[in-house]
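Multiple structures follow.
Two complexes are shown next, each including chain A; its partner changes from chain B in the first to chain C in the second.
Up next, the complex of A and B:
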């Protein structure tokens, strides 16, 4: 899975490509760790080209969400494909994570 | 314009300047101890604040009545702290805490709430003149920390508002305030006193109501309990969705993330539920379907984390399909939970199809 991080003035945009699963979850964790501190907490994750997320991915989104909200910021996941959204739906995570 | 002090007052002012480090130490101890004790007592406080009288302010005081003091030790408000509570009865609780922590100079302390006559309204505050006991702080290099007195004022937020506004009128300036304005200030004091009393009464009534609800919930008398924020909170204390979520989690030996399910109160109200009995009935009549739906959705996956809210969400979905129909109502439900979107139509169609497949209807 490819991860691209662009820091803009008002927020950080993370672009995910491919599958987020147990084989690359720790790499994704390393990629997002720098985003868990600092004064500019708002993050948008563009999921246009994200093919799948495993439970490990859900845990990482949850961890990021907790970090962002503790700094009064917002995490939003955008442009998610229906089959990926279904994972959030059937686990109840679409009640926790803001998906637009 | 700064006037020169006479020799006596200048001596007191010099004493003040020489002992500023002592006053700073006193202020530090007082504010730390007040915060610590109030935190431990679980009283919700509006503010705890402290200040050291400025040189300018002390100079003004000495100009007006410096003759009353023999030394700086006679002036008891060089360090002043204030505890502002929300409720009148909490002023007395804070006073009891302060009595335990500091040595009180009772002769010079005053309860201004009791000195007003029956037909008077005005400044209401409790003032304690205190010293720091050696049991709290003992440094031979700074003996005056235990000798100098300081003042703690205790009052409610409304009393504080009045006192601040009254202070703003400049009553300390020595300029006479027109009688009409003073009368208006005192009328407001009477009104705020009534408001303080009402706030305390309302709080007591709410506490009594919550106790009554907790008792009804504990007795299981759910049909007589209206659904609202208080009752739903008490209901959730019984963990009514625990069995279902545990069963759902067992499908994939999943971890349960306990998300905020209080937000479903609004959804339940929109669904027309009126009592806790309605929630109990939904749980009883729809729990098997809610589990079957989760089984259908999760069994073929390796997803090993679920949110607690999935139990409630599935209960609602099954309840809606059983009682009201199909996709349109499900779309409306998802719109209520997540906000309107085209995706909700797709999700409603998918869920409805899955429910048909598990043959619940």
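Up next, the complex of A and C:
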């Protein structure tokens, strides 16, 4: 799982690459920890190359969503693959996280 | 091949180097001392030669002067025959070296005395002198001693000869011509000297054991030559020819030519040198010495030196070996200590080192290693103990967790239930529950996000709450709503639970269910194909409190089968990172025989299929399967 974070003026762009599973969930948590504070809460996550997410991964998206919401920001997940989107749909996460 | 010890190898190397040094030093000393000794020997031999030459010459000159003096008397008294006899007697008597003397008158002499030669000789044993007229027995005009002096008109010494008629001795004759005032020959006066005394004198010239001196005449005849040699038939040249050596020939030629000097030569494989010099009368004296003799003492000295060196080297080898072995002894002890350490004895005794050298460094390193290993091992023991404790605690937690799950469904002819839960770790975050009460079958399956201990704690809370709210007989959506509020409260860790919960009225054949973010379940109607049950998407439990859950109703005629499972089933991975997937599961349960299975057989068949698919690949999520037949 590769995580690339680009901080732009208006928002932060995160590019995910690979599988988000149990083995690298804590690494992903460390990577996104800096995004859970600061004055610029808007985040766009590019999921084009994200192959899979485990329930732990969902939990981290949830944490990020809560953090962004508390700072009156927007979290957007883009270009999600159907099999990943399915997990978000089943768990109801599609209802609370903005997926474009 | 047996390997040699370090000390032996080092000792042998030192021995080799020292031996080479000794050999070189000894050789240099030997060569230089031999050269010096040889030069000294040549010098002393030359001195001895010169002394001997002057000694012999003194005697010869004495003989010559005696004859010279007598010649005057002959000249003055040539007519007095009596007196002439007297002269010869006097000559023989007064000079101890002269054994015979004659005054041989020349044939041409005017007084007409022909073959007149008064002669006196000394009996060697008695010393008595007898006189006779030599001319009566002996035609002396032809003899060498006469002719040589008569022809040259000068005094001369004859070649050596064996005096058969006279003294029966090896003799040489000094001939002195007496001339008148017109330089006409009157007579030859002679002195015979026995070479015996010369032989003795020359034989005494022996600077070394195998040295010998030889006195030769002008023509190379031996006048005297050591002892026991054939003086008559052999000459210097014949001796040289026998030697068949050009150097010896050259030497002989030089001696005969009257040269003086020193020359090296080889004879019968023995090397030596000769010093030689001429006498005034043309004779020559030569002394030969063998290097073997000259260097005898030096060679003895060399051998003694060599023996001392060998003994020294052997002692040194012994001392060297012992010293090195003493120095390397700690290495052996270190080796023993290392073996002991390998067997777990980190307190193995190390050798005591007093020298501040590399061995000391090794000792310090060893000590440090021992201390580090001891510390490490004790820490490892503590860690292992902690791990063991944790493991046993996890095992207890596991049995507590499994104890919470329902075991047996009260027997009822209208339904059967079977469940299987296999956590990926000791404890897990999956849960299931069921209860039958008054023809109402309640059941639930859940999956807490994550796994392990954190998930297991949330699982325990969820299961307990679930059971509690079911006992309150709340409508299904309320049950899940309460559950959600319960779990959401103080959920700092943002854990959540996907759940599917339902109740089947076994009389009305009606199922009320609520899917809170869980995988769709499989429904196998009695006469239709199995399908994934589409349900309203509710949010997983624990995310937002007060979320409004919705429940739905499904007709479940007798013979309906339900399969509930967690994503550990569909997301089980094989070695090629392929997922088991919904489709594979649906195909499995679509098999006709599946409708003949009881609940346990259904569960087991699915689990076996998953295990078969993963082919021993490590299970990375909890697996739970709940089969229900109504």
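One rule holds in what follows: the second predicted complex is superposed on the first by the 100 of 100 C-alpha atoms of A that agree within 3 Å, B and C clash if a C-alpha of one lies under 4 Å from a C-alpha of the other, contacts with A are read in each partner's own complex, and residues count from 1 in each chain.
The rule is short, and it goes like this: a contact is a pair of C-beta atoms (placed from the backbone, for glycine too) under 8 Å apart; a residue touches a chain by one contact, two chains touch by 3 or more.
This one's a predicted model, so the numbers in the text were calculated from it and none came from an experiment.
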Once the shared chain is lined up, is A:66 touching chain B (first), chain C (second), both, or neither of them?
second
Please indicate which partner A:55 is in contact with in the superposed arrangement: first for chain B, second for chain C, both, or neither.
both
In the superposed arrangement, does A:91 touch chain B (first), chain C (second), both or neither?
both
Based on the superposed arrangement, let me know which partner A:82 touches: chain B (first), chain C (second), both, or neither?
first
Give me the intersection of chain A's contacts with chain B and its contacts with chain C, in residue numbers.
54-55, 58-59, 62, 89-96
Under the definition above, what is the set of chain C residues touching chain A in their complex?
447-451, 494-496, 498, 516-520, 537-540, 543-544, 567, 571, 620-621
Enumerate the contact residues on chain A facing chain B in the complex.
54-55, 58-59, 62, 82, 85-87, 89-96, 99
Residues of chain B defined as touching chain A within the complex
254, 257, 259, 263, 294, 297-298, 301-311, 313, 337-338, 343, 346-347, 350
Please output the residues of chain A touching chain C within their complex, sorted ascending.
21-22, 25, 54-56, 58-59, 62-63, 66, 89-96
